[in-house]
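Should a chain be cited, it is by its letter among A, B, C, D and E, assigned in written order, with residues numbered from 1 in that chain.
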Amino acid sequence: MARVGVFVCWCGSNIAKTVDVVKVAEAAGKLPSVAYSTDYKYMCSEPGQNLIKQAIEEHKLDRIVVASCSPRLHEPTFRRCISEAGLNPFMLEMANIREHCSWVHDDKEVASEKALDLIAMSVAKAVKNEALFSQEIPLTKKALVIGGGVAGIQVALDIADAGYKVTLVEKTPSIGGRMAQYDKTFPTLDCAACILTPKMVDAASHPNIEIMTYAEVEKVSGFVGNFEVTIRKKARSVDMKKCTGCGVCYEKCPKKLPSEFDCGLGQRKAIYVPFPQAVPNVPVIDRENCRYFADGGKCGVCAKICPSQAVDYTLEDEMITDKYGAIVAATGFQPWDPTPYTNLGYGRYPDVITSLQFERLFNASGPTEGKLVRPSDHKPPKNVVFISCIGSRDDEHGYPYCSKVCCMYNAKHALLLKEKVHDAQAYVFYMDIRANGKGYEEFVRRTIEKYGAIYLRGRVSRVFQDGEKLIVRGVDTLAGKPVEIEADMVVLAAAMEAQPDAKDLARMLGISTDEYNWFSEAHPKLKPVEVLTAGIYLAGACQYPKDIPDAVAQASGAAAKVVGLFAKESLQSEPTVAEVNEDTCVDCQLCKEVCPYTAIDTKTLTDRAGNPIRTVSCVNEGLCHGCGTCVAACRSSSIQLRGFKDNQILSEIDALAFAE
Amino acid sequence: MEAKVIAKSDIGAWMKGLADKCDVIAPVKDGDVSAFKKIEDFGTLSIDLPTPTVKGLREQFTPETETLFEYKLTGQQAELTSDTAAQKDRLIFGVRACDAAALKYTDAVNANCEPKDALYFAKRKQTTLVGVCCTTPAWSCFCTEIGDFLANPIMMDLYLTDIGDKYYAEALTPKGETLIGASQFQAATDADKQAAESAKQKVIAALPSPIDHAEKGKDFDWDDPMFTKLAEKCLACGACTFLCPTCHCFDIQECAQGSKGSRYRCWDTCQFEKFTLMGHGHNPRPSKNERTRQRVFHKFKYSPERYGILGCVGCGRCITACPVNIDIQRVVHKLEADK
Amino acid sequence: MENELRQKAKELLESGQVKQVIGYEDGSTAFKSTPCFASSPEDADRLVWNPTCVNNLAVYLPSAVKQGKVAVAVKPCDGRSVVELIKEHQINRDDVVTMVVPCPGVLNPDALADIDPKTIKNIEWKGDGISVTTDSGEISIPREKAFLDKCLSCTLTDPAVTNIKLGDSPERSPLKDKDAAIAEYEKMSVDERRVFWAKEFTKCIRCYACRQACPACYCKECFVDKNGQVWALKSTDPEANWFFHMTRAMHLAGRCIGCGECERSCPMGIPLTLIGRTLEKDVEEMFGSGAGQDPDALPILGSFDLTKDPDPCPE
Amino acid sequence: MSEEQVITKEPETAGAPKEWEPKIIGFLCNWCTYAGADLAGSSRLKYPANMRVVRVPCSGRVDPQFVLKAFERGFDGVLVSGCHPGDCHYAKGNYYARRRHMLLQKFLEHMGIEPERFHFDWISAAEGQKFAEVVEEFTGQVKKAGPFKGVGK
Amino acid sequence: MSTSKSDNPYVPELAVIEKIITETSDTKTFRAVFQNEALRESFTYEPGQFQEVSVFGVGEATFCLTSTPTRKGYIEFAVKKVGTVTSALQDIDEGATVGIRAPLGNWFPYNDFKGKDLLFIGGGIGMAPMRSLLNFCLDNRADYGKIDIIYGARSSGDLSFQYEFDDWSKSPNTNLYLTIDKPEDGWTKNVGFVPAYLMDLKPSPENTIAITCGPPIMIKFVLQNLRELGFTDEQIWTTLEMKMKCGIGKCGRCNIGHKYVCIDGPVFSNAQLAELPPEY
């Protein structure tokens, strides 16, 4: 007979208010196999944990049931606690009498009864618990960073500086990401390029960093310490080794296209580098739009003109498979397309633009070489209206969430407008001003007070063209009256949204996503850079809208996690994995079919002389994640999940079924 | 002992009269099969006599599942209870001669050594058996090969033989004599006696002649190659043994229900691999070879050696039930020929 | 036909292509045949093929192939079991030679209800039905009475794993709808069904003939035989019996080819095929395919279809 | 409700002993529904107390046999819930669960267990509200179906 | 209603586990004391008999009594972890309640052994069933001649009852010969398999009874070697292990031919076994 100890937590009044903890603890003491039962104000506190440790010693307890909050919160705490007292950590069961009981029920009698049932179930399961142990698994000390924006670059640099190899994969032809498109950064008004470009160069020249641009992750298998990743390096059509970056090819290329980098405001060629400071500074041919590829090899100007014979039309996509110990997703965001706001005329009036377009307009390397002019007539604008929350905080057209950075860049743009065009006037329509960051509030105040930006609290109902002017009709809710502004330009602060392929990557990496496809962290407060799949981390705006300092901070956090992981000699496997009873397995391979991780192999049993007898399934403990799908599939119960074996779950059912 | 007659039309009334004193059990149709059931409604009594019951009397004395005792656990303590509340007396009507004869064997088994099986004998003691001579034996019947109990019934209290519109009723025990004391029974004439005798002889004539299987069983060949052949086709189910009126093997199992539970026994069979499989993996009867041999040898060799009684009454149930047509009569004949 | 079967079997055995041929031979009575394991050309002479050949011989394959290559006589329905066994890695395709016999239908034992069994001398196919030779002459029994229900609705063609086709497939159109048998049952209310099965399962004596006769029940250790009280009690409590049969049914979901051996083997007359057919119908409706068709198909409950699978909260 | 009904109903609720409460067991995946239940808790949402939860790693771990066992044991209702399609922490476990349990639900109905007694659903870690609603609705549904008469008689 | 043991042979007596001794990594010895005080006094048994031990909620399993009736007040049995009940027993702690049905089966005809030399040959857990007779004979030392004990195991850690080795070897005219399969650091006794060691020691069959128990493969070679040394089947005794449930000759699984190991055994001489079919 096992000797189970039951520890009922009051959680202050959180549990005790609705559950009669004293009575429940007393009743729990009478459950079969229970040798000791008690209650305490805060089990998770140090005195609480000491109480458990002492009881283990004093009452020779071999299994522990803690009835308190959700195991998702404190299971690790109590596992550590009982293992410090000499028990195997898996001899713990937790009865969730807070989240699942005291917090959701009012009637004390009913809640107490339920609490006792939950404890009885946990006791019954604990009786069947077995000591579980980890196994050592190897660790590849090389990291993969997906996304070459500022976050990805920061992660790569930090890991590389710690002495570990990193592969940085970027989908576009150059690293740099969104930040490379910006002119200045708030609130310091540093030149974005001036602070980013050196980092890009550092990354490119770092001996521990391998950059793969124009490349995408195709397949991910394996598990923490042992990921196997296939990367598709798209055919660049330019030999990276031969190219000197002279730029003759794209000067001479006859095919012109709108530039993605300039948000369609400028042009690029079919062979191009996205921006002058691109890293690597090697052009790529956009095969879809290249005349050579369209006309079956007639054009070929770039190849002819290239002084170093670097242009090679025959290059093909290349698949590279490598092993990584950890993966950091830093895939960023995309700006939301404000077309659904038909009342604001985006797409209809050329001078209604997005903030990112505005950013490109006064960027020195932008389509106007830094001259702020209207797209329609290339005249400098006088009155510019900035409208906040386009697609943010708006269930109807966009997303209910706040994109976090718009208030700040609106202020930045209003300020810069005044600097570029001295007689200009900025109007900012806003819902609330969210300026909670170091120096942010001061920055907004400066824009209003020193630069005369007019802030109007309210929404814009309509924008329409009237001759050369754009008429902006809105409401100033503070003044309580409608306003109408004759504007030369309207700038929409479009929301940040998840990358269109975020969901695909999430599936590949085993990251769960929220309803907007932002990647979900393992814990919103305590594990903000981890995800639920071990060995995979998050950096930057792929998780949720972030500004640069936040993205960079999180990047360093993710890098620290990776470095921490790599600092270990090897890894310990999860003890709660599946195991096969070879005596009864008939090798029907149903377990193999359903395993999401290809963790099940077939092995041949042999007699003492080594002759094959029959084949059975076997589990690769490194690959097994412990989902137990195989267990439910197995007809003869020959595969079992440690910690969640059939007899453990059945004991819970029975404990409840026969509860008195 | 005394013999009387009872009109077939009076059977219902007679049994109804008995029902006051005891439970009356008789074979009735239960879906596709015939089974012994407690008769509740004597008004619509429809006793199924022509078809043999799918199971013999085994379940009447050793139920398929029988609680041995119950326990309750509190903390580290245990408390046992065993309910021996007296059952009502029973009368089983329509017992076949073979099934009654099987009780001689199961009595011997349950008294095999001290302590005797009290659970079994308590039920035996409380049961009165009224047999009916088979007039329509099944195709698989071979009781006459085993013994003469069809003509000279044993282990029952009263034996009825169908003689047209009435039964000839022979009391075999004092209990039987009391039974025919009931008002529905009339004195039997010599003609009735003759009719009964000729009815019995007519059935016996259609059945096989006696063979001294007990004697022949002594020389069975342990290594007879036939067992390999049988094992090949045997599916290792328990249909044969579970329907057998002499098979008595059982398992003892636990029924845990939280802090309470019970120990029970349930029918088990030597045809299952796990029957003799030990915890550490050794199995003295590891394959169907040994297990098919065990069934036949146990009935025709070991039982005569141990109890002096054959472990088969020739009821033929195992033959009809076998999904692959293993016919124990054929098997035994072959063994006897092979020796 | 029988001669052709014997001839083929002899060839296979003589040439050493197979170690044994599993077929049928005469049983201990004229209305029963029994499985035959022929390992020599002489043995092959005992093989028969007649309406009494009801057994699904695929049940023997997993153990038989351990001794070497096996040829097996299969009816089109039984052939589906071979497909399942291959699909579930219990036998290698190369280890079995399937001899598909032409099957007009096999004997429904009820067909003989009015005949004294002891007088039956022979049973053979004749015309649409069967002819029973008895001591007192020949009795013809028409198709609708002669054959098992599954035969009357049979539309099966040669199984996907046919090696040798014996004779010509008989011309036949189904007499009944495949689901005629369950149509009546389906009329019951949900609670009537609960009561119905509670009563049926009470009969069960746990002899496991259903399981042992089933070619899909090849586990080394059945869940019900686990030591200790893991899943089901060995007791014949009605609840324990229910759990056994319900679980066995779920284990067969998507795998039951409907040979009916379970019901035929059940000494207690529990209508087990009703369960199998109801469940298979659901499987076909929900997942679009059934058992025993394609040896390379993925197991029904070992696969999924992202778009077509029914969803608890469809969008 | 008509006046008459109100009148006839009153004494019933007042004088009757404790109302029958269904016994429900729920098998919840650790990552989504269990977390959803936790969220319902931390959001202090109220729902009926009839269900007791068995935590499993994944809905894929929920063997239909657990559901059968629960009905064998006489539970009035069984709930199985896991992550929404595409959200399974183990990528695919819920898809297998979906096949198994959607089939089981039909099968149970065929074999005499009202579909109201078995519920299979997706509830994510973010759906605390949905969890509370599903439990409330399911409890009501089972209550309406009445005490389960069992599988043995 | 509570019944006494007499009318229901399947109801065990309750006993409390008083002491647990860890013998090897997978074997423990349990000392049980009947709860019923009168029974504690009156209970008696013979060396070689066995019992059925219940763990309530798990089931019942068969164990031989390893204690000797000469030492009263308690009974002992050794449990090796192989199945569900044995695993459950391994998990219980001192103070737990178990059920016991005992004594069952026959016993060693120790009266017939009187005045003779005894040779015990045990392997691994096989020493357990012989320990009862061994300690019984040592407690009645004057009744028997020389006692030789050959005991072997895979490793020194697999030898059970090590705490009694001193008592055994210090008993007058008694020799304990230990052997393990493979050499070990610090092991000064014999290395080698039991049958081979037996041949090295060459005990005389003269007026000697050999009692052996151990794994089947060991028994096979021990018997071969004993015969080579001149022992007759009548001089060799063993105790058999079979799957049992009822322990009282009813449940039908432990038969060897027409004999039931639970009532006609578990103790057999080789001469008796020779009469039975080879099915054990």
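In this section, a residue touches a chain if its C-beta (ideal position, glycine included) is under 8 Å from a C-beta of that chain, and two chains touch if they have at least 3 such contacts.
None of the values given here were measured: they were computed from a predicted structure.
J.: From chain D, count the fewest steps through touching chains until chain E is reached.
T.: 2
J.: Tell me, please, which chain's centre (mean of its C-alpha atoms) is farthest from the centre of chain D?
T.: Computed centres place E farthest from chain D.
J.: If you average the CA coordinates per chain, which chain's centre is most distant from that of chain A?
T.: Farthest from chain A by mean C-alpha position: B.
J.: When C-D is set beside C-E, which has more C-beta pairs in contact?
T.: C-D
J.: Taking the mean of each chain's Cα atoms, which chain ends up nearest the overall Cα mean?
T.: D
J.: Quick one: report the Å distance separating chain A from chain E, using the average Cα coordinate of each chain.
T.: One centre to the other, that is 65 Å.
J.: Just give me the whole-number Å value for how far the CA centre of chain B lies from that of chain E.
T.: Comparing mean C-alpha positions, chain E is 39 Å from chain B.
J.: How many angstrom lie between the centres of chain A and chain B, each centre taken as the mean Cα position?
T.: Computed value for the inter-centroid distance: 73 Å.
J.: Find the geometric centre of each of chain A and chain D from their Cα atoms only, then give the gap between the two centres in Å, rounded to an integer.
T.: 33
J.: Please list all residues of chain D that touch 2 or more other chains.
T.: Where chain D meets two or more other chains at a single residue, that happens at 64-65, 69, 73, 92, 96, 100.
J.: Touching at least two other chains at once: which residues of chain B meet that condition?
T.: Correct list: 73, 76, 251, 253-254, 256, 268.
J.: Where in chain E do residues touch at least two different other chains?
T.: 57-59, 83, 96-97
J.: What chain-chain pairs meet the touch criterion?
T.: Final set of chain pairs in contact is A-B, A-C, A-D, A-E, B-C, B-E, C-D, C-E.
J.: Taking the complex as given, what residues does chain D use to touch chain C?
T.: Within the complex, chain D contacts chain C at residues 64-65, 68-69, 72-73, 85, 92, 95-96, 98-104, 106-107, 109-115, 119-122, 149-153.
J.: Which bits of chain E are touching chain A when the two form their complex?
T.: Touch residues, chain E against chain A: 55, 57, 91-93, 96-97.
J.: Show me the residue ranges of chain A that touch chain E in the complex, using the header's touch definition.
T.: It is residues 1-3, 32, 60, 62 of chain A that touch chain E.
J.: Report the residues of chain A in contact with chain C in the complex, numbered from low to high.
T.: 583-590, 593-594, 615, 633, 635-638, 646-647, 650
J.: Under the touch definition given earlier, write down the residues of chain A that touch chain B in their complex.
T.: Its residues touching chain B are 1, 29-35, 120, 124, 654-655, 657-660.
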